[in-house]
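Chains here go by letter, A, B, C and D, matching the order in which they are written, and residues are numbered from 1 within each.
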Amino acid sequence: MKRQIPVVLVGLFGLFMIFQYFVPHESSEWIYEFLLDWTIIIGIFAMALGLWSLYRVSVEKIRTRKPAWGYNYLTLVGLFTMMLFGFTSQNGEAWGWFFPFMVAANLTLVMIIQASVTKGHRGLFLGTAGVCLAVCIVIIIFDDTWGFHFETAEGLQSTMFRAFFDNILIPIFATMFSLLAFFIASAAYRAFRARNVMATLLLLAALIVMLRFNPYFGPLSPYMSKASNWLMNVPNLAAQRAIIIGVGLGIVATALKVILGIERGYMGKG
Amino acid sequence: MGKRHWILLGAIVAVIIIAAVLWLFPKERWGTVFSLLLVFGGLVALLLRSLYAKEVERRIIFLFILVAVAAPILFPITFTEKPTAVVQAVFDKIENLPSGSTVLLSFDFDPAMAPEVQPMANAISRHCLEKGHKVIFMSLWATGQALLSQSLSDYILLGFPDKVDGVDYVNIGYKAGNEGVLNVIVSNFEKMFPTDVNSVPLKDIRIFDDIASAKDVDFIMSIGGGMPGPKEWVLFVGDPGDVDVGVGVAAVVAPQMYPYYPAQVIGILGGVKGAAEYEYALKDAYPVFADMDTPGLRMMGPQTLAHIVILSFIVIGNIIYFRGRRERKQ
Amino acid sequence: MKLKLFVVSLVVLLSFSIAFAQEDTLTVPPIPPDSALLPAAVTGLVAKDTDNDHGHAITLKWQPSADDGAGRQSVAMYEVFRWVPDLMTRIPALRDTLEYLKLRTGDGWSPPEPGSRTDSIHNVFASLDDAQLEERKESLEQTISQAIRDLPAAHAAYPEDGDWQQVAVAPAGSATAADVGTKEKDTPDYLPDYSDFYYRVDAVTADPAIRTASEIVGPVQSYGQWFNKGRLAVSVFVLIFGLLTIFFVQHARRGADLYVRPMAGIEAVDDAIGRATEMGRPILYVLGLGTADMIATIASFTILGRVARRVAEYQTKLIVPAYEPVVMAVAQEVVKTAYYDAGRPDDYDEDIVFFVTSLQFAYVAAVNGLMLRELPATNVYMGKFFAESLLLAETGAVAGSIQIAGTDEIAQIPFFIVACDYTLIGEELYAASAYLGREPILLGSLKAQDWAKAGVIALAVAGLALSNLAVAYDWSWASSIVDFFRVVD
Amino acid sequence: MKKSTLIVMAVVVVLFLLSWVLKASALQPEQGSYILRGFLVTFAAFLTLAVMSFLYQDNPFYKFAEHLFVGVSAAFWMCMGFWTTIVQNLIPRLSTSLADYFMVPQRPEGLNLFFYTPVILGILLLMRLSPRGGWISRWPLAFIVGTTAGLNFIRYLRSDFIKQISSTFVPLLGTQWEGIGPFLSNLDLSASGQLVLLLSNWVVFLGVFTGLIYFFFSKEHKGAFGVGSRVGIWILMITFGASFGYTVMGRISLLVGRITFLFGTWLELI
């Protein structure tokens, strides 16, 4: 029973989604739109699961002293701080007691983590956490330079949220991405060697395309760019199409298997 | 000759080269010449070394890439770019729409992809505004909304002080839901975007007076390179809504868009090269943009040098492979 | 003199009577300037419910005016008019008032600018107190919904209490137009289904005042269809493919021996698990950046199930960092079941599958760190991958792991091929789950896939031949077959 | 800790402080909190370099950036999901008072009680966290998987499958055809552009044909079939090589972006 109902649900909704494509009638459209909205909303609820997992695994690493465990404090503090920024904003220009509040709130978090990873002194840590929490609450009650909201009628208002986004997320994100420039070179060096026919074809095609906009080949340059365009447009088109048809078929077959209940791997039974 | 002799020889050669450069070139070219010498000299050295089938350590490759990219940024080198047919198609589409048409620009990228696609986003936005089209800006990426607002206020709108928010352009921002968002807006904007980023209800925005859904837009340009992105725009809006879609994509995604061209996509801007070509076309057609910042064109210098470095390493790798194979056979 | 007066008064009388007579049917200027200039009216006007849609739309067809492209060539465009009951035009005004009342009773209301439209509404309600406003608001809401319900009846009252409104414009030379409304009751272009509509089409010259109306057609009703005929081709494919799959699955169930060609990447999985066990190092399984609703991710779940089962049997360590919480939840379920099936429920740990973060490169940063610190013997990448593919695979290569990848994301396959030891290309990813399990049912569906591919090749060849011949010999029936595959969206 | 590590750490800290002071004093004339902004720019540069140091080897700076990134990004993603989806799209459909509280406009269609369903399904999903109720969390998962399986089934069948097949229907013999042609027309390598066009059409056709043959699973790749499959994989390899070569450009741009940040925004050299 516990296993059957989900499979039935999958089949039911899957079949409906297939049917609705052929039924232009309003009632089918109506359900279709609801279902789409619902999947988005359910996905948002799953965020809580993700956050809980992140918290637990980090604490677990600290407890078992895994390699680089100390950095997990940073992860959790970063998480907690950014979340508080996401739900608070200034009421005016002044900062008031906002930063002391952030420190106290993070101390509370760290003390709770400590309490859950140590065997002794649990009372001490919990006590400190309690004190810090009390400080937080006092600040919340008496400081009115900031409040618990983030988006107002004027749009995104949290200055610190934006600052963290611009100065922590963007630099790391973009730099991680830019590492690809290095890796693409080392991968090309390592792998593009004429070991056999397939590797040679891979190598030659890459060479031709990379040479396409190099201005140092004099009269040859236009031919280089034409050859690379031809490669990108003709054999590439063919191969892409073959892959797309194959993948499309694979997706369609897998979706059908899922809907018919033949494939249940995603439910832990396969 | 011992090691010390080699070092001594190297030092003497280096001094001679430096002296020659200082003597032969004007002051402002020194940086360029030295960095080029450094890169090419290093490559020649590695090439000679490869004849002994000695592998190059990956950190050395990294170092070469770093220098090849950083040097032309400090000491610029630039080239000219002629637009290719796929780029020209987008340019012509925007150019030939009657003034006052509605164009939807979707910034489907994040900060990481921005250096590659932001230049084309800016160039196209400027083109549309200059041409007098009404522009709807939006994003399918959470991280795209901030970027969008920022580039609107910091770059794009600076050149158009008389354009009015809500009349000439509107920024409706980001909604979560990936292609779900597209599924909805293809029949109704307001359902997914009740307000624009400034919380103005959509029904109070003039642009949306005769635009109920994405179907009513004259042209859609999706700029991005991930998921959701241009491909989703084609499959979920362009096809079902029968709207012309043009795409600007990161170079990596460009080949993937070709099967959709020209039936499902009217034109493709691929990577910085596409942006550079578009900027060139724009500068060519509009004297107003003569002094426009052209990051796309500017970026072609590091591109060219880095390509040469990578090509050289592929050659070096193959020499090492064949020399090594011969040694192994012996 | 008397005659002159008489003629003038007659003309005035006539024009009045014409104006009166036309008031119900025409909103155009009452006196045509010169009847000789009037274009010929369109003929044969037919109005029908638009086919293959959800209703709320009417398609009109007509024979172009004799002066359109021929005759006097004076027709510039056609304007389509629909008879609209007054009730329908009143609704938007009611809605504006309701909107005002809602704002007024809500928080943060401020009086409108003097002279604006809202201001004139405001003047009507200025003196009322909150309770009265609430009362008005509720009654207004009821009025509006009642009005919407009354729309069909109001349409049936034609030609009482209504007027002609322009609903569509078609350029000269066209013989068809559609009046497309929406199903959203609260928008101005709402078009009620099952209501009697009346239409007429005006042939309009360059001077909009000079026009000729057609005969009025009606009543016609719009309604939604239950099958979209434009999508027939798709439904044929769905049926054929569904039946093929079911057939081969049944065939396989009955114990037919099905051949599958060897695939290096799949065979490497088993070896890799053995290698990890020998070395005492973990196996890293990356599900990619897809969400649980992507089929590539679902295929990856199945492969994860197989790998986890083998891992559980060998008692090796498995690490599965997840990019998305729903994916994490499903993967936990998969791994848990695999451990139970392998008979080692005690070895299962909830933290085998864990969530990292949902930002692409933050996830990559964490997984890269994991690779260099845990030094997995084997990295398996299956599912949807984007730009991060090369970052992951190169770092894995540096860490000295054996790497097996599979993705249907075409742009990323080259990077996996370059940096990984084995790569499953496109459809091979979907076949992999069947391979690993060696279950006849799943192999059966592979067979169905192959047949579909054979069908595609046959179709492509046939279609090619047809479209070539159609071009060469101008066969219209051949192109109609080719058109069958052009799906209506 | 090794002595060299400590020295590197100390140097980095000193450089960081130096950059902070210099940056803040450079910003001083402008209004606003220049100390904070100087810090943020310096921090962004530090993070950029920390991530790049990964190219040399794993090190504490990278670990710092990595763990901070994970925490902050998880919180960022959660906050954005909460504010954009739950607050803006769900709440206005559930309750007027909640919508007022979060200051979001009411939806035109007003309240819709059907939206309690995804909320309930979302809560069922959270039941995973309880050891006993875990099985019920499969229901919402089944809902999501089923709905989207049906959606994908149709979508891929239509867009990636039928459409791709129908675009293969191109004349290989005829000459007056003008379809996918525009991008092939710049291929006038020889005087007779038409010939190249025709050749390209043949390559596309054969490419798709052999590519599909490569993806046959249930037939041994031997004889003529084997030749077809081999040609197929060759064309795939050419495509992959070309695609790799094409990508290099994009990755270099990303690096250009980061280096421009370091030289421009941080060091102000350009």
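One rule holds in what follows: contacts are C-beta pairs under 8 Å (C-beta built on N, C-alpha and C of every residue); 3 or more make two chains touch, one makes a residue touch a chain.
Everything quoted here is computed from the prediction, not taken from an experiment.
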item	value
Neighbouring chains common to chain A and chain C, by label	B, D
Most central chain, judged by mean C-alpha position against the global CA mean	D
Most distant chain from chain C by Cα centroid	B
Whole-Å separation of chain centres (CA-atom averages), chain C against chain D	22
Between chain D and chain B, distance of the C-alpha-averaged centres to the nearest whole Å	15
Gap in Å, rounded to a whole number, between the CA centres of chain C and chain B	29
Multi-partner residues of chain A (each touching 2 or more other chains)	18, 21, 36-37, 39-40, 42-44, 46-51, 54, 68, 153, 165-166, 169-170, 172-174, 176-182, 184, 186, 188, 190, 192, 202-203, 206-207, 210, 229, 232-233, 236-237, 240-241, 243-247, 249, 251-252, 255-256, 258, 266-267
Shared interface positions of chain C, touching two or more other chains	184, 234, 238, 241, 291-293, 295, 298, 326, 329-330, 333, 356-362, 365, 369, 373, 387, 410-411, 413-415, 417-418, 425-427, 431, 449, 453, 456
Per-residue multi-chain contacts in chain D, two or more chains	51, 54-55, 63, 65-66, 69-74, 76-77, 81, 85, 89, 108, 125, 128, 138, 141, 144-145, 147-149, 151-154, 156-157, 159, 161, 163-165, 167-168, 183, 186, 205, 208, 212, 215, 236, 239-244, 246-248, 251-252, 254-255, 257-258
Graph class of chain-chain contacts, one of line, ring, star, complete, other	complete
Chain B residues touching chain C - in the complex, by the definition given at the top	58, 110, 112-113, 143, 178, 188, 212, 225-227, 239-242, 250, 252-253, 255-256
Partner chain A, residues of chain D touching it in the complex	36, 40-41, 43-45, 47-48, 51-52, 54-55, 63-79, 81-83, 85-87, 89-90, 102-103, 114-115, 117-119, 121-123, 125-126, 128-129, 135, 138-154, 156-157, 159-161, 164-165, 167-168, 183-184, 186-187, 189, 200, 203-208, 210-212, 214-215, 232-248, 251-252, 254-255, 257-258, 261
Interfacial residue positions of chain C with respect to chain D in the complex	102, 106-107, 184, 186, 233-234, 237-238, 241, 258-261, 263, 292-295, 298, 326, 329-330, 332-333, 356-359, 361-362, 365-366, 368-369, 372-373, 410-411, 413-415, 417-418, 425-428, 431, 443, 446-447, 449-450, 453, 456-457, 459-460, 463-464, 466-468, 471-472, 482, 485-487
Residue numbers on chain A that touch chain D, as the complex places them	2, 5-7, 9-18, 21, 34-52, 54, 68, 71-72, 74-83, 85-87, 149-153, 161, 163-182, 184, 188, 197-198, 201-210, 223, 226, 228-249, 251-252, 255-256, 258-259, 266-267
Interfacial residue positions of chain D with respect to chain B in the complex	55-56, 76-77, 80-81, 84-85, 88-89, 92, 104-105, 107-108, 155, 159, 163-164, 167, 179-180, 182-183, 185-186, 239, 242-243, 246-260, 263, 269-270
